[in-house]
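Think of it as A, B, C and D in the order they're written, each chain with its own count starting at 1.
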Amino acid sequence: MRDIAVIASAQIPSERRSDLSEIEMVQKVVTGAIEKSGIDRRAFDFWCSGSADMLCGRPFSFVSALDAIGAWPPIRESHVEMDGAWALYEAWLKLQSDPGLHCAIVYCFGQSSLGPVPDILATQLDPYYETPLWPDSISVAAIQARALLDGGRYTERDFAEVAVENRRRGKSNPNAQLTGDFSIEEAMSGPYISSPLRKHYCPPLSDGACAIVIASREKVDELGFAAPAWIRGFDHRVEAQSLGVRDLTSSASTQLAGRRAGARGDSLDVAELHAPFAHQELILREALELGGSVSVNPSGGALAANPIMVAGLLRICEAAGAIHRGEAKRALGHATSGPALQQNLVCVMEAN
Amino acid sequence: MSEDAQGPITMIRTPVDLEYNISAGPDLTLFLRGLKEEKKLYGRRSPNGDVYIPPRGACPVTGQPMLEEVEVSDHGTVTTFCLINIPIEGQELKPPYVFAAIILDGASLPLFHMIAGIAADEARMGMRVKANWKPDDELVLSLESINYFEPSGEPDADYDSYKEHL
Amino acid sequence: MSESSAEILTAPYRLKYSYKRTTGPVIGRFLTDLRDGKITGVRRPDGAVMVPPREYDPETGEALSEFVSLPDTGVVTGWTWVAEPRQLHAMSTPFAFATIQLDGAHTGMLHRVVAPDESVMRSGMRVRARWAAERVGMITDIECFVPEESA
Amino acid sequence: MAELCAVIGVGQTKHAAIRGDVSIPGLLREAAFRALEDAGITFADIDAVILGTAPDQFEGIMMPELFLADALGAVGKPILRVHTAGSVGGSTANVAASYIESGLYDRVLTLAFEKQSESNAMWALSPKYPFQPPITSGAGGYFAPLIRAYMRASGAPDHIGCKVAYKDRVHALKNPYAHLHIEDISIEKVKASPMLWEPVRYLESCPSSDGCAALVLAREEVADRHSGPKAWVWATEMRSEPMQFAGRNQVLPQAGSDCAKSLYKKAGITNPQAEIDVAEIYVPFSWFEPMWLENLHLCEPGEGWKLTDNDETTFGGRLPVNPSGGVLSTNPIGASGMIRYAEGALQVRGMAGDRQVDGAKVALGHAYGGGSQFFSMWIVGSDKPS
């Protein structure tokens, strides 16, 4: 495997409803990441983006985003209809596949403010048997949370602790949206959205965007970049979707991806987990066997800011950022997609 | 619903009905307000001097933010066109109609709109046209404020003058 | 015109379409049987019965075609309470989304449970299908499940 | 490339306006099983699945790879969903090839599909969306003015479009998978068909299809052990440019030209006109054949229509183009690019049946999308690249 590092990233603060158009959001993060990387815009060997059309209800939303990045002269470019974390995987693999390529930029954008996101996500389900009932994404997550409570290993207090902790940590993240000092009691007495999920255990609806630059060892050396976050393991796995055919209390795909990426929970300083719902962090911690010494979600995670199609790549940006700032030697970024943690990705990075 | 209530089910209808609230963003807002409130066409200048209409959030060529707003003429040249003979679901216009790329005077790339005021087979590349606006009290936040473009009476433009804008 | 005075325009948009889905033999069989008031599952090579039936084994992707008739009773294996149904749910009163394992099946089916109130709901509760008055060959031909004792 | 990649399995559905006999999973599995069978393997041998399809509005299912994961035998494996507008079928195969070329995967299944009969293509492509210009005219309305501009610039005679349409429809009669089989096709019939988006006639336009294509790709060592014929991937390439900008040439876009030049260079091809034996090019409206021949440097600028006019783009000609009948005969949008790639692979494997071009050793697969702004291409050969 070739040595590839995350060397720069940029994001815009997550907001309930951004005044910026998609194009402006993308323009800001792409230009921001390029400037931080010190690489000329024309020198990128590969571009890849992630987004989802159904969020705005219009086909080809990524086409207008291409107007924002200065794609002239023509660029080598691709797009996944997924969270940007998978676009990063594609870009990383592209650099693995061709030793002549040295740097790539990945970006993603998503606006939760345009449409009814929980209902839109019901269109991800089985179109014959499930979508006609319109189970929204919060209800689907709530069925998973109930299974966890029924399993007896966790109580609702554990959900509350996760929520309170993430919002508290998010206070130091200038890009976070929903942060503050809440008490466990406050969280546990909040209104139900879909029982047993109360308001505090659910993510905010966010608009956001982020971009990330990766480069080969040759390019890192050429740039004299001081604190690259070397990608040491990168893997993603999927499970069957239907809630009735899998164990909702564990995450087999996270466990597998983590093992293949060499996550080794006890060796990590930081783990940024994409757990939009509080109970999902508990499932992910188990799947990745994270020990008590690991700092989980110092950014506040998806409970503090959850721009859809972006929040996964944000976890990798935040984990890489901890390495760039010298706060971590070894960090993990995780992303999830699909109902109730159906699909999961793990990226393990290390300092020099 | 089954198509045939008696026989085996082979096809079902599954409706989707999702309500969105779409934002125009600052640049399209500038453009659309110009149409409705001032009967004017506003674009923006890009960092390399081109004028984009409708204006957009970034320069497609450089990836940099756009600069100041620029008013563009409502007269222009048809660079190319086609004659639409096919009804489109959700489309209010009745075929046949001429759909054209029009480079407005002062703009650096064409805008797409309909041409009327001529027989459909008289449409041609290089034809000079001007906007036919709706009455002031019927203007809307949309390019529909312009009913269509129609011949302006000016002589046709030289092919060389617009061949870079096809 | 000055930029600062221009409030960003917004407008409603409705993505509304009635998709036309061909079902293929397995889904079509299940929906046809539902219309006729019967529930049909499919057997996996290891003997496990899945309902609703899939055309393939979810673990291996292998094709499946051995149909099995099932009763319309079963057990709630997971649930959540929807206190305020929305228009899309087509339900006028609060209800639960639940996974229901029918008697004789080895997997759960996502559906609705209507109960007097949330306090009645628990995992492990027995339920029975309440059939729609008019059945057309859709998953909603089962209007919902209800607690067995109240059925 | 870190690793060589070969196509060891090709599958496609019988394409049709409505595949009323299958569900969406059933449609994909038909193509997947044919590709697996061709490769002599099963789902269990596959390490990753790469799926491409065009906008989710076509089927009304958001990110359908999620609900399709188990139908495609992807449980416990990576699955990735590519969407690059009309070029998606090609770029999906390119992404799948990069999985192999990275050296991290032995065998990858890649599929691209569209089940257009689930909705209406014109509605799905151009819904009435707030703040967008009111004049929606479908894909034909977008491309017809570009065709007019090409006709003007090249001086091509009017009959070229009809000639291409006739040729591809005759080719389709040799392809059992093609959607349209118009047995009594003639130039006169094309000419007499209704003018939809003048200058584009009905029979010069692509249909709307249900269909899926699938490929099994393998790493060199794995492919070497495979007994059947292989199509070795000599090179893949992609290029994109913005849809509209000042001075953009949409008739012969630079992205397409750059993409082709880079592709040939990577493949070690110095004279594409002489070295490529057969081309499967994305031609949704007949006039795009001469346009793309020029854009792809398969002829001199302004000469594309002459190749067509001189019967050089059919069987026995200098460069047979779309022996499968092309997009004009089969157009499940998301799959159309991959069908081009798949047909090219069949040609160099000598497995193209009645539509086989004699002695084809090197094939070009091409796809484009958006406003002629996304391009993906590959070159496959019977032999390993030198």
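The criterion applied here is as follows: a contact is a pair of C-beta atoms (placed from the backbone, for glycine too) under 8 Å apart; a residue touches a chain by one contact, two chains touch by 3 or more.
On a predicted model such as this, the values are computed, not experimentally measured, just so you know.
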Practice prompt. Going by the contact definition up top, give me the pair of chains with the most C-beta pairs touching.
Written response: A-D
Worksheet item: Between subunit B and subunit C, what is the separation of their C-alpha centroids in Å?
Response: 44
Worksheet item: From the C-alpha centre of subunit A to that of subunit D, how far is it in Å?
Response: 33
Discussion item. I'd like the Å distance between the centres of subunit A and subunit C, where a centre is the mean of that chain's Cα atoms.
Written reply: 30
Worksheet, complete the sentence: Whole-angstrom distance, CA centroid of subunit A to CA centroid of subunit B, is 37
Worksheet item: Which subunit A residues reach two or more other chains?
Response: 19, 57, 64, 66-67, 71-72, 115, 119-120, 123, 125, 127-128, 131-132, 240, 242, 245
Practice prompt. Give me the residues of subunit B that touch two or more other chains.
Written response: 10-12, 14, 16, 18-26, 28, 32, 59-61, 141
Discussion item. Among all residues of subunit C, which ones touch two or more of the remaining chains?
Written reply: 8-9, 11-13, 15, 17, 19-23, 27, 31, 54, 58-59, 88, 138
Worksheet item: Chain adjacency by touch: line, ring, star, complete or other shape?
Response: complete
Discussion item. Show me the residue ranges of subunit B that touch subunit C in the complex, using the header's touch definition.
Written reply: 1-2, 5, 8-26, 28-30, 32-34, 37-38, 42, 69, 141
Worksheet item: Where on subunit C does subunit D make contact in their complex?
Response: 9, 11-13, 15, 17, 19-27, 54-63
Worksheet, complete the sentence: subunit C residues touching subunit A in their complex are 8, 13, 15, 19, 21, 23, 27, 31, 50, 52, 54, 58-59, 77-83, 86, 88-90, 97-99, 101, 107-112, 118, 123, 138-140
Fill in: Parts of subunit D lying in touch with subunit C, wherever the complex brings them together
18-26, 29, 43-44, 57, 59-60, 70-75, 115, 117-119, 123, 127, 129-131
Discussion item. Per the contact definition, I'd like the list of subunit A residues that touch subunit D in the complex.
Written reply: 1-2, 47, 52-54, 57-60, 62-64, 66-67, 71-82, 86, 89-90, 93-94, 96-99, 120-121, 123-128, 131, 235-242, 245, 252-253, 256, 337-339, 342-343
